[in-house]
Amino acid sequence: MEHSIAVDIAFLLLAVLAVVAGWRVFRTDSMVRASFFLLVSFIAVGAIMILLAAEYLGVAMFFMMAVEMMVMALFMVMFMMNPAGLNPMMMVHQHRLSIVAGGVAFVILAAMALFSSFPADPLPAGLDPVHSLGEEMLGDSMLIFESAGIVLLATMIGVVVLSSHRGRYGAAEEGSMPPGLEPGGDPAGQPEDDESGGGHAHHHHH
Amino acid sequence: MTLVTLLLLAAALIGIGLYGALSQQSFVMLMMGLELILNGVMLAAVAFWAYSGAGAPEGQLLTIIVMAVMAIEMAMGFALVVAVFRGKQADTTEALSELKQ
Amino acid sequence: MELLTLVIILSLALGAGLLIQWLPQRHQPIPPYSQRAPFLGGGTPDTHAWNRYHIRYYPMTLLLIAFEMEMMFMYPWAVVFVEKGMMAVMEMGMFLAILSVGIVYAWREGVFRWQ
Amino acid sequence: MAVSWLRQLAARSRVPVFPVWGWHDDALLARLALSSQVELVDSPRHASVLLVIGEIPAALRDGLRRLHDQLPAPFAAVWLRGAPIVALGAPVQIARDDQLIETLVRTHRELMLGQRESAPRLLPDEPPNPWKGLGDDGHGGEGMMGGNPYGRPMAMNMQNDLRDGLTLDSLTFRLGPFFPLLPAGLCAEVTLQGDVIQSWETRHAALPQRLDPIFHAARQHPVSIADLELARARHHLVQLYRALHLAGLEHVAHQAVSLSQRLTSSSRLDGLRRQLMRSGIFRLAAMDGVQLDGELASHLGGPAARAAGLEVDLRTNDASYQSLGFRPQYRTAGTTRARWEQWLGEIKQSLQLARQAERDNLHTANTGAVETPRGPWADERPADGSALLDEVLPGLEWDEAMTLIASLDLRAVADAPREASA
Amino acid sequence: MIESLASLLMVTVVLVLGPYVVAVLDRLVATPTGAMAGDVWLGPLSRAAWLLTQQANATEAPDWQAWRLSPALYLALAAVGLAVVPWSPTLIATDLVTSVVLWGSVEALATVVIFLQGWSANAVLPLIGAYRYVALGLSYILISMFVLIGVALPAESLQWTQVVTAQESLWNVIRQPLGLPLFLVVGLGLTFWGPLNLADSTDLAGGTSAEVSGPSRLAWELARAVMLVAFSAIAATAFLGGWLGPWLPGPVWVLLKTLAVLALLLWLGHRLPRVAPERCVTLMWVVLLPLSFVDLIWAGVLALWA
């Protein structure tokens, strides 16, 4: 595959961006920032994919990861004490081991990249990546495509069961009874099944 | 931009991700580590597709599947965290291990 | 070339956005603390506003992630839709059916209501 | 050169004004809202002039000082009908109401052209709490949640028992006295859980409102029913203006307030009503959430009570009204929506009554008791209802709560009537 | 090369003039009687000048980088939107094979940027605005995708130029009658305009921009205006046949159609009340999303039948 020097420069910048942003994820106090650093890392990789002529995958990376990281940030905010990192902190365990493991993984993978030889078989000219992907999905890999749909449906249902407040199935129901706004108070703000909650007749709409 | 440089970048991302996944106590941060690893994997898949797969559509498909795995991992992970949180009021990985019993 | 143009446009806009903010302010001192207190109509907060916030629509966000993944399959599908004809229609039927089941189920469980 | 050119241009902009109402005055509000040279803003950050109207009670002056300091430079404070609070250099005071717009424009112009110094800050430049930095960038306090990073403690979970079974923090702050969406003077300590109000404690009641002199006159001697009803319609229209502004329907809000200024017995409400219905506001906004039950509503009286199904209206006892065939309108739901509909219905009814009464030149028969737009005034003036919020608001989402507050007239009636505006 | 430069110039001109046009049009739409006619032409400029004169506000411990970056990033996203608009068959800045999806990404990333704007101030009212907006942003994104896929079906491509070419016989606004209305809802959400202004709403005293003043506020408003223009241009491309039209050159047609969509958006913004945030999510998922399914099925059946 031929490409100009501009592509090389762009790749270099994007590669540095991807790695630095990826590193910053674990080195920032603000959890929200951490998720958006990860987003930056993904976007950089997506841009590299576009440079590699995988135009659909690269762009898909943008919108998929924008949404995923947004959700990630939301959950950060929900679950982390000090989500903005106003107090510096370091919530790590097995720190040394992890650094070593990360380093070793990099060295092994890098060595594999450097010392094994891969067949040079670039993209054929005139290939339309999006079209070929569509063909594949509706052709040979139909089964994968279909099962992915089913798995995602299962995920949807699983997610709803686990996280929904009003889930009908045991575990999720636990603790989902709104305990009221004051300790020991009546349940409050419950939309449907508690019309008289809180002593005065207010209820959420719907 | 060659296959080797791309793979080196992927390796770096995987390395950082592995560090994060192993070291972070918080479950949400741990997931970020996993995502970073998958980021590297996707990059490697696309790099192979572009440089030594002759544009076989399976390369792209693999990337999409990795992305799907990532989405499922995230959605289920968070749903699980919510469920655990309701009971345990904590989000560290230690709390998750209690769930197994 | 296209990408280069895109990068130029992107950096132009980004630069303009930053310059508009930076140029008029470069010699201004940071405002005093009395100005920096958050606006609450003359009231004061006890604490910082950043907190573990109750995002009451979170089940919806999880559903969205799974949903969006399906959408990712649909874009390439759109390109070959006409070519593949009936098969693509069946495919679409299946996808929309899955999504509809997902929505209906989630709706019944009250996912779209804020907790 | 470039700078002066920019400032010349800036001096021509509409004057962004953040109003603080010590004495509320519908006519002044209408004048400000209708002026094409003034823009009323909701946040002091968006204003260049702080307009203080009337005397601010001593208890609220701290709030005013804080607010004063929150305007970004260059800004000025303009005082109408009241003395500036102390420690101010070169305050702008307006003697007469009709100079209001003119003075606002001139002050803004002077500020922009650099002919007037930005007003000095009233409070010391120091963080609310002492803090000492820790950490790599010297930015935090101690421990994960301890200390006062940047001079404020971290938001913390004060109560274990929370709605969703998740441990989430609550935010406590004091809102008011001059939060634009609350009646002036109302201060409350609010605890938020996300965007849901967990608790609401009213700390300072809303400042009393001064009604149109005709409602005071009606207790002394018979007054023209036409004038009385027009004054009532005007009052409701201004209330509607606030609620519409909150709902984001600036266009209709503008219509409401302009109608209130040129209201005669031949005015029609139909155009406004049609626009409102067409906008679909009753379907899109959260208006059916909270029911104000009869007991709570009866404390407030007036349209709020009638919207909750209480058929109470002093006008029914008045022989002249009886001769007009007056029957009080009422709704049963007691929701925000019912109160909106009640307003619309009462404005329409008032216009109708005014038309009939004008024809026969009718005057009120009872003088002891008058039904003010705020509520019945027989032996006692309608009292403040701010405390009601403590009971109603907890559990509501912020938007819903603000919509609810805008649909209630909580202010007491002051003993003095409104001054005739010059 | 010449084409690239010309398209670059085109985008820059729209970037610069767009906000002014939005401001003027908004004033004209808001007061149809012409009550403030004198203010209409100079008003936007003098307001901008005032904002440049005003000091930028700070809060006690804001996330400085994110706070200053978010208006610039929002502007940059809007510019990317403009870059994928084809002004004529050849006059287009970025004619990516997947430019339709790129626009989808702009919509998704806008949510992140608007969230950051509210989050960074570290004040409660902007924070509520930010979280509310995310609920909206995560809801409209799916509708947008279905509508965009519907548009891509007859074109058999994810490229805006192809989408326009496919409309030569019939514009999509007629072929897919549900598409444009649904897409307009997305536009209102994307620019938090009018009924979907959950981010900067009145009940939060300005929401995400409650604590923003001076040049930063100007940048934010500029970015929002450019986003309105970019969205209108995309809507014109997707549904109104882009450069297609008799007598006039292509770019002029695109501009005219963009103005039409823009005026419609601004008008809607003034005529509709703000939707309650809690109701918004249900509305999007339970009403509008199924409608977008119908739109897609309709588009699919028609594409096969044609």
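To keep things simple, chains are lettered A, B, C, D and E as they appear, and every chain counts its residues starting from 1.
Everything that follows uses one rule, which is that a residue touches a chain if its C-beta (ideal position, glycine included) is under 8 Å from a C-beta of that chain, and two chains touch if they have at least 3 such contacts.
Protein identities per chain, from UniProt: A = NADH-quinone oxidoreductase subunit J; B = NADH-quinone oxidoreductase subunit K; C = NADH-quinone oxidoreductase subunit; D = Respiratory-chain NADH dehydrogenase, subunit; E = NADH dehydrogenase subunit H.
All values reported here derive from a predicted model rather than from experimental measurement.
Both subunit D and subunit E are touched by which chains?
Where subunit D and subunit E share a partner, that partner set is A, C.
Which chain maximises the distance between its CA centroid and that of subunit D?
So the chain farthest away from subunit D turns out to be B.
Report which of B-C and A-B is connected by more C-beta pairs in contact.
Taking the two pairs in turn, the one with more contacts turns out to be A-B.
At what distance in angstrom does the C-alpha mean of subunit C lie from that of subunit A?
Using C-alpha averages as centres, the distance is 13 Å.
So the centre of each chain is just the mean of its C-alpha atoms; given that, what is the distance between subunit A and subunit D in Å?
Going by mean C-alpha positions, subunit A sits 44 Å from subunit D.
CA centre of subunit C versus CA centre of subunit D: separation in Å?
Those two chain centres are 34 Å apart.
Hunt down the residues of subunit E that sit against at least two other chains at once, touch-wise.
Correct list: 52-53, 55-57, 60-61, 96, 98, 101, 119, 122, 124, 131, 134, 138, 141, 158, 205, 210-211, 214, 277-279, 282.
If a residue has to touch 2 or more other chains to count, which residues of subunit C qualify?
Within subunit C, residues 3-4, 31, 33, 35, 37, 39-41, 45, 48-55, 58, 61-69, 72-73, 75, 78-80, 88, 106, 113-115 contact more than one other chain.
So which bits of subunit A are touching at least two other chains?
Touching at least two other chains: 50-51, 56, 60, 63-64, 67-68, 70-71, 74-75, 78-81, 84, 86, 129-130, 133, 135, 137, 148, 152, 155, 159, 161, 163, 165, 174-176, 204-206.
For the complex, which residues does subunit D have touching subunit E?
Touching subunit E: residues 6-7, 9-14, 16, 36, 41-43, 45-46, 48, 72-74, 112, 127-128, 149-152, 171, 173, 179-181, 192, 194-195, 245-251, 278-281, 284-286, 397-400, 402-403 of subunit D.
Can you list the residues on subunit C that touch subunit B in the complex?
Where subunit C meets subunit B, its residues are 58, 62-63, 65-66, 68-69, 72-73.
State the interface residues of subunit A toward subunit C in the complex, per the touch definition above.
6, 10, 50-51, 56, 60, 63-64, 67-68, 70-71, 74-75, 77-81, 83-84, 86, 130-131, 133-135, 137-138, 145-146, 148-150, 152-153, 155-157, 159-161, 163-168, 191, 204, 206
In their shared complex, at which residues does subunit B touch subunit A?
1, 3-20, 22-29, 31-33, 35-36, 39, 42-43, 46-55, 57-58, 60-61, 63-65, 67-68, 70-72, 74-76, 78-83, 85-87, 91
Residues of subunit C touching subunit A in their complex?
Subunit C reaches subunit A through residues 3-4, 7, 48, 50-55, 58-59, 61-70, 72-73, 75-80, 84, 87-88, 91, 94-95, 98, 101-102, 105-106, 109-111, 113, 115.
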